[in-house]
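The letters A, B, C and D name the chains in turn, as written, and every chain counts its residues from 1.
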Amino acid sequence: MAARPDRGEVASYIPELAGVDPGAFGMVAIDAEGRVAAGGDADLPFSIQSISKVFTLTLALGMVGDLLWRRVGREPSGNPFNSIVQLERERGVPRNPFINAGAIAVTDVILSGHQPREALGEILRFLQFLAQDETIYVDRAVAESEKRTGFRNIALANYMKSFGVIDNPVDFTLGVYFHHCAIAMTCRQLAMAGRYLAHSGRIPSAGSSVVSPERARRINALMLTCGHYDGSGEFAYRVGLPGKSGVGGGILAVAPGKASIAVWSPGLDANGNSHLGRIALEKLARRMGWSIFGTEPA
Amino acid sequence: MAARPDRGEVASYIPELAGVDPGAFGMVAIDAEGRVAAGGDADLPFSIQSISKVFTLTLALGMVGDLLWRRVGREPSGNPFNSIVQLERERGVPRNPFINAGAIAVTDVILSGHQPREALGEILRFLQFLAQDETIYVDRAVAESEKRTGFRNIALANYMKSFGVIDNPVDFTLGVYFHHCAIAMTCRQLAMAGRYLAHSGRIPSAGSSVVSPERARRINALMLTCGHYDGSGEFAYRVGLPGKSGVGGGILAVAPGKASIAVWSPGLDANGNSHLGRIALEKLARRMGWSIFGTEPA
Amino acid sequence: MAARPDRGEVASYIPELAGVDPGAFGMVAIDAEGRVAAGGDADLPFSIQSISKVFTLTLALGMVGDLLWRRVGREPSGNPFNSIVQLERERGVPRNPFINAGAIAVTDVILSGHQPREALGEILRFLQFLAQDETIYVDRAVAESEKRTGFRNIALANYMKSFGVIDNPVDFTLGVYFHHCAIAMTCRQLAMAGRYLAHSGRIPSAGSSVVSPERARRINALMLTCGHYDGSGEFAYRVGLPGKSGVGGGILAVAPGKASIAVWSPGLDANGNSHLGRIALEKLARRMGWSIFGTEPA
Amino acid sequence: MAARPDRGEVASYIPELAGVDPGAFGMVAIDAEGRVAAGGDADLPFSIQSISKVFTLTLALGMVGDLLWRRVGREPSGNPFNSIVQLERERGVPRNPFINAGAIAVTDVILSGHQPREALGEILRFLQFLAQDETIYVDRAVAESEKRTGFRNIALANYMKSFGVIDNPVDFTLGVYFHHCAIAMTCRQLAMAGRYLAHSGRIPSAGSSVVSPERARRINALMLTCGHYDGSGEFAYRVGLPGKSGVGGGILAVAPGKASIAVWSPGLDANGNSHLGRIALEKLARRMGWSIFGTEPA
């Protein structure tokens, strides 16, 4: 099912995504004091897809620290999210943790020494903890569909395995990957989960520290340069906030020191990023003076 | 002449750069109130090289506005600064204004309808105005050397010309390009020239507006995602400031709302960016809490 | 186990190939009258590997004719045998039937509508018929090793599947592919099997026609332009005969109208072709005036 | 001016080629005894364009022998004739002497130590000698047009120069290149000129030897694998003769030991090769049993 042209096209490669209402729109922003501004379908769960990569990156960095960068780079790719060309040139090492290949390599690190079920549980519990909401769940139907049709991702994983970049059996790593991409969250839950990135690694209301200030900054930097595939430059240019999009139409954005924002609208632009979501964030950032590149309103 | 390993290698493709003292180091930061902190060789002129691309971009946007983006993209390239591969794939349109091909296309826009001499004069006067210093000059020996050995850039320009992306005679466009890259400035002059980017398009002390706040933000965004060639992700990750480097060893960095910073150390890392310059900026940004990705000191 | 430098390196990616005696050398030529000239280890079976692709191509053309060319091209690739880059550029359609991706697509055509066991049986029986020798067999240990370590081929197959170029389940297609590459033959058997290509599609002694004269010519043309991966130009330049090499160190060469030749020496050159095998063929072709590019002895 | 669809499109990048009559067709074959079969516009001169590369290759091999292969490879490129991508990957060394970059490198070798005028004279006299016809000439208008619009070739030459693959000033090398591509010949002259390739390096009627039998074979091998850009596999598959095409619509083909053939029809297929010319050669080769891949008529 396609949205109206001015909303972009809803992802249609699996029925579970193709069937989503193209008219859905939700947005939630949470500031440093924990105040919540919510609008539209703020409490409707959607498939977070690649947004999950921010959280698996955080987990993997917590497990192996900077050793992670032996497996994956930190540079924008200049190629679509599922390109395999770059992998051949750079001997199986993905350019960054947010393209598919890189996120699969990160998942492989989280899996290491565990059963797929355990690794997935850990990822899910991390999100539930961050969002303070135990109702966050994995949409098994989405995960199964991804698995059944994910030949490109299977290709990427086996290709990396041929270079020794994947340690675990490819099926195990991809099983966890497909499932964490299939986690369903609402805008409210997602904005809650992103607070530690907006506040130097801490959850202000809880007083608990998730990562160090430096690590939070660095994850934000990666989101800014690589968070929107081959539309990352465009997002930085227009919105001016670190963010990570998913093919389900969600975007998590971070205004450092100010707010964690989640937006959802299923129609996608040519780069696979939410079309209305990006526009909404651009307007919000401008009105609030949240751009990290200069704070004065236009 | 090569620097010590821990300083990186001085550019050696032309004698004028190869002969620079590898031990040179200068740094200047200027804050919103115009206070200047200077250290080391702050008043020694060096070849700004690709840093000039920030100022030609600003000029070209002033001339043609968003029409510029028909000639050049806004995405990180994922390739070295002088790669020609991407140009073939995207029919002569460079990925962004900071790789060589993109900067040549920008220069072609500035040149349009003028003599090379006039266009170069305009660029030079713009820099003299921004820095409030009429002693800034073009190092003709550097320009001549670049021209004599710049076969790769000649190839890039002719390649774009074959796709109709360059309007003027290639020799004219490249003449201006080689000369504006050969402009010599001190750290003090460069930090002065960058103030408008740190302060929403205005020069605080002068009260004059150079560009709109939105345009300043957007140039900063481009510097963040594309300012350091294939090391842009790394610079964002480590330093967390918009910046633009040159093969002469200079870097201009911008802490929005806070400071304009110039640093110079001729030894380069593998991506062609100043090795010590990057480290100095990383330490400064951390100590001052200037990172755009989170302000709390580590 | 590595051969002496002047013999090239024995393939070492699976133990079954790595353990082959690097000093082995065999050669057999059979002329139009069926006279056999044999030398060295002419009756020692070796893994024919990619040489099998000539016979699967023949079978697939017999099954679907020119429809095959919707799935695979006829141009040299200009890339190593296992490159995936070209597949991305050309949307999953391999350049020719002799690079790995192309041969997997051909195998998929043969498999269509059959069980893997049946398809493999058909390939094996075809070779036994051509060579008039029912002792030709599949080396299961080799096939199992290929399957266990063939991540690159699994990637290629899944990548093509993502573009709809592979019809059958990837595991089925690859199962047949790995097994037909693991067929073991002697030089004598291989030279026998290649006779139809040397004699306009007919087996002279048997009087039976395998393919039309035109098809035999065309398969020879494909061997000439694409039979040695990224060393195809070199082989044509030096040897001047259509040929197909395998990573097991075998080469099948065809002197149209004159002879079918098989040579085996396990040491490989940088392009993965038998080093001594190529030299032996070059000397033979020159002495006999067999080059297709001019018959006068040098 | 475009030909009818079934004749392909006439090259239109310069007015001198665009103005050629799309209905022109000529063909000449000369056998070992010097008998000439001619048809159609056999005596109308046309721009031989890239066919000249066969003769410059012959000259350069005569000058520096196998040292030539330090500057240029012998493998099919798998890319269009004017691609620059491969040059970046292989550090300025073109894949073969028949793509534009490779032919420019060959011209640079011929030029070495001479004035452009002398080098061009040598090439022209070589063709006049081979064809026994002093009326063969350079079409200056074509050469000037090529020079004025040849930005892609200027890019290729400068790119190679940046890697040190071109010795002479780029303008000199390109001047000779554009002029030898602008040589005008008739089918009769071209078939005459190609006789040495069909007859082991000798001109049968004259009794004189141009190159050794081995060199003639090797040039034929290069024409077979690389003579038709990215349609080389197709030409080998369909026609089965070594050949070299030009964008002017000419093709020189060689039936070793049998005949030298020239055909001309200006309409081009998608790969830039004469559409009707290829078809005519395919029919001729089949009827005469001239394919190098098997002699029996279909």
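The working rule: contacts are C-beta pairs under 8 Å (C-beta built on N, C-alpha and C of every residue); 3 or more make two chains touch, one makes a residue touch a chain.
None of these values were measured; they are calculated from a predicted model.
Peer 1: Between chain D and chain C, is it the same set of residue numbers doing the touching on each side, over half shared, or a different set?
Peer 2: same
Peer 1: List the centre-to-centre spacing of chain B and chain D in whole Å, with centres computed as mean CA coordinates.
Peer 2: About 46 Å, centre to centre.
Peer 1: How many Å are there between the centre of chain C and the centre of chain D, using C-alpha atoms for each centre?
Peer 2: Each chain reduced to its C-alpha mean, chain C and chain D end up 32 Å apart.
Peer 1: Rounded to the nearest whole Å, what is the centre-to-centre distance of chain A and chain D, using the mean of the C-alpha atoms as each centre?
Peer 2: For chain A versus chain D, the centre distance works out to 54 Å.
Peer 1: According to the definition of touch, which chains form touching pairs?
Peer 2: Listed in label order, the chain pairs in contact are A-B, A-C, B-D, C-D.
Peer 1: Of all residues in chain D, which touch chain C in the complex?
Peer 2: Against chain C, chain D makes touches at 73-79, 86, 95-96, 200-201, 212-214, 216-218, 220-222, 224-226, 230-234, 236-237, 240, 242, 256-257, 286, 291-298.
Peer 1: Can you list the residues on chain D that touch chain B in the complex?
Peer 2: Chain D residues touching chain B: 83-85, 87-89, 151-152, 154-159, 161-162, 170.
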